[in-house]
Amino acid sequence: MKDLECQIVSNQMVCEDTYLLQACCDFESWKPGQFVMVRINDSFEPFLRRPLGILAYHESKLELLYKVVGDGTRCLSLKKPGEIIAVLGPLGNGFRIPAGDEQVTYVAGGAGLPPILALAEHIKKGTLIIGARTRSNMPLLTRIQSITGVETLIVTDDGSIGPKALAADILEEVIQDSHLPGIVYACGPPAMLKKTALISQAKGLACQVSLEERMACGFGVCTGCIVATKSGNQRVCREGPVFEAAQIRWS
Amino acid sequence: MDTTIRITDELVLKNPVMSASGTFAYGEEFSEVIDLSLLGGIVTKGLSLEPSKGNPVPRIVETPCGMINSIGLENIGIEAFLKSKLPLLGQWKTPVVVNFYGTNEDDYEILASMLDSKKDVAALEMNVSCPNIKKGGIHFGKDPDYLYSLVSKVRQATNKTLLVKLSPLASDIAEVAISVQEAGADGITCVNTIPAMAIDENTWMPVLANITGGLSGPAIKPVALYMVWEVSKHVHIPIIAAGGAASYRDVIQFMLAGASAVEIGSYALRDPFCFTTIIEGLDKYMQENALDRLEDIVGKLKT
Amino acid sequence: MDTTIRITDELVLKNPVMSASGTFAYGEEFSEVIDLSLLGGIVTKGLSLEPSKGNPVPRIVETPCGMINSIGLENIGIEAFLKSKLPLLGQWKTPVVVNFYGTNEDDYEILASMLDSKKDVAALEMNVSCPNIKKGGIHFGKDPDYLYSLVSKVRQATNKTLLVKLSPLASDIAEVAISVQEAGADGITCVNTIPAMAIDENTWMPVLANITGGLSGPAIKPVALYMVWEVSKHVHIPIIAAGGAASYRDVIQFMLAGASAVEIGSYALRDPFCFTTIIEGLDKYMQENALDRLEDIVGKLKT
Amino acid sequence: MKDLECQIVSNQMVCEDTYLLQACCDFESWKPGQFVMVRINDSFEPFLRRPLGILAYHESKLELLYKVVGDGTRCLSLKKPGEIIAVLGPLGNGFRIPAGDEQVTYVAGGAGLPPILALAEHIKKGTLIIGARTRSNMPLLTRIQSITGVETLIVTDDGSIGPKALAADILEEVIQDSHLPGIVYACGPPAMLKKTALISQAKGLACQVSLEERMACGFGVCTGCIVATKSGNQRVCREGPVFEAAQIRWS
């Protein structure tokens, strides 16, 4: 973990309300599923940093993909190339990379896309299921559809692209005929994660989910971000954000 | 240039910059990013007799220039702390102040006597001001007479330096501080968070699962500064400030108001490296103002 | 869509958006820039029997997301107000709430009875919570028993709607609020500024000539929200909120917590046209949420 | 008084720490000596507006000249052309314009320059005395020296431009041989104003001073900005910022 002053290279809207930010950065190492805490302003407003998953990091360039949902992300979206943001990271545990030839399935919904894309671009195999509300909500389409070795299935709530379905429903079909051992990775809204976990479990597949919780520090000192697991409270920012789905006490 | 601050003979800080309870855990995570030997003092998360799970999430919400937390004093419990955290913490050349709380009077006494014998513990910080738990915390700190008797008991149970941490929400904080001093405390930590809440106007629900929480960060600094000033006019034991400090300027301001040292809480969540920046800033300030001993400015506000 | 708020039969507001005392003077300056008829209510600067000069300057200082003032209740005195200000204020179709304070009990009584007969006065707001004056103000508001007797006396002196404005700095604000209710107040204004101070680390001097002052603005909103919620759980008389409100969202939040109306203070200094924006925002909110009567949301926080 | 969203046309450093800001604006009328309250950010930081004297207003363009002294002015100095600031104004009373052929003298020191320049550019006659610390502290030199009908005398603390003297000392010489009636206008540090007032009074000249005080509202509702005068407390933002020097109770 370092605190890096990163100069923005580009910060552009890639679809409705969603921005792709590229900044010069200097990590020693990183893993898909890790995240950063972004300090948006020098002034005390907004006071806390914002957690954002790492979409990609290569050649000293960090990529973040974020949705404008409130004041912090709005403020970030106004930053211009050349401006500086402070980035604390990489943080959290990251996904467990399959060692052998397990069948790999990814499920991403909403703002859960970045860590899953990072993972798929790293593993370079498997099936990637993405759920979005509608076509105008789907960022980086071409990039996603050209990930080496990965087959992409996109579903939307309104059928404007791909079938009209929920990502978790498609998952059921995809892993229908899957051979064990296999692993499912998921990131997205809680309801989707829970459903993904149950389906995977029923099929006897391993499942890792990346969780979101409100964070103050992002590095484990405030216990603001806990999740109830079978071994007690765990910090999403430190023991997570990636957890074995079987360990979570779903509410 | 001498930045040493003497709170008591047992609690001597190499500089006035301390961590605050609850924003530094037990030091492990921070030890990976900064050199803990640089700090004036380390204050642990608030410990209780039994481990505590705290409140449900969400337990953090941002506010204008600050934040509200309703952690609810989640901690690993005193036994686990003594066994697995204190040995590590004790290895740094920085005094360890153990923050603790009870849900009844006996808890406070037992905790104090358990900590009394631990050589790696430089001082105790008694929390009677947490707004986030149903029993204990803030309720113990409201009534000066009750607080007098509680602090007296804890005083009997330990010879360690005893700090008592007050709530800003007192009709007369000076009265509370005087009780604490008379009961034999060695110092006063001033202040804990201010009770506060946040509401989501779309869902009609409180943002925090616990409904209410405690406000901290730069937003409350002007209030903490007032409290330190008010208390310092009425007691002669040392004061340790907490509340919104974010820069060496804030540290100097708190010291002028009467604090001997300053705990940095919420701001360290935003900027974990701020401890170093602040300590460097103090050095520069001393140079620029030709100050030989930093301790000399304590309470030197010109009025 | 109905935005009417009924505090008492005599104090009916066309919407919950009011000015706060001390940030609206006596309405003249604001009448040049906004249509005062749009407001739910107008609260005047705090008036005393004799004109008061207030404290020396500087008496304003900015803080993170807020400000501290130590005006010290400068005002033109009740006589001049009744003669030269009230007639103008009374011409708008907006209820006028006269804020007042005394430096002793008799003052409070005399002021209340002087105002009792004035038809242009819709209600009285009794300030027992100003942190900026040596005698009077906050000292009257600290002790629930004393406050009970003071409010009872004032109650005898007037049949007008009587609001009592509380300080957030109370060990137990609910206890204070209950006393006020029992003494016969018609409503509670919640809250005044929080005692605070600012120090200049270069000069070693307080920034304010008065040394201390009162903190207001968005920084304190989370505290004010808590106070309103806490009071609303314990009293049945209406609550008027004050403390950091800056948008229609804040107004809704305060109402959900239990306030019937909301005073906008410091934010109107920054944005004098905010009253209009807020009132428009409320209309939009009601439409979007299919609310017929705004009053229905008071205290409807889902917990 | 209006609250105007003004687009910045230019915002450039004109000398050490001092910026000239030009913004599109739409006043109905204004007077030299009036000021505006500038809201620097949409966010609550900084919370209060900042009072700045009007340097000039013509053809819907407002000019402000400000010195970076703290967070607010620093933040303002970072604004780029195209960005918006909110401007409340024009505020305050402004200077009394001489009706006849009085001899006019102006004294400006430090950040007191803008209203005095506005006045000199309006009256177009008289002697303008400007005190600065050093040459690199003197903004808009060419513009100042070419004000139609106005003779300019610059003094500095270190003699790096003009004589090494204080503006108030020079005043004494300038009005030495002045004919009555005459009027002296001054804006700058309190000590300078007081001295100017005393000198003018001694010579039997009228004297108007423009004062500064910490302001919250700038339009008279908070009584944050009072000055003690012979007729009691007056609000600098409303009854002022320009006062008859003889009315002030100098401290």
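Labels for the chains are A, B, C and D, by order of writing; each one numbers its residues from 1.
In this text, a residue touches a chain if its C-beta (ideal position, glycine included) is under 8 Å from a C-beta of that chain, and two chains touch if they have at least 3 such contacts.
All values reported here derive from a predicted model rather than from experimental measurement.
Between the chain pairs A-C and C-D, more C-beta pairs are in contact across C-D. Work out the mean CA point of chain A and of chain C, and you get 47 Å between them. Chain C and chain D have CA centres that are 36 Å apart. Between the Cα centres of chain A and chain D there is a gap of 55 Å.
Separating the centre of chain B from that of chain C, both taken as means of CA atoms, is a distance of 33 Å.
Counting only residues that touch two or more partner chains, chain B has 63-66, 217-218.
In chain D, the residues touching two or more other chains are 44-45. Taken as a graph of touching chains, this assembly is complete, with every chain in contact with every other. Those residues of chain D whose C-beta lies close enough to touch chain A in the complex are 41, 43-45, 71, 75.
By the touch rule above, chain C contacts chain A in their complex via residues 64-65. Chain A makes touch with chain B in their complex at residues 1, 3, 39, 44-49, 72, 86, 88, 213-217, 219-227, 232-233, 238. Interface of chain B with chain C (complex): residues 63-66, 68, 142-143, 168-172, 194-199, 201, 203-206, 211-212, 215, 217-223, 225-226, 229-230, 244, 249, 252-253, 256-257, 285, 297, 300-303. Residues 44-45 of chain D are the ones that touch chain B when the two sit in their complex.
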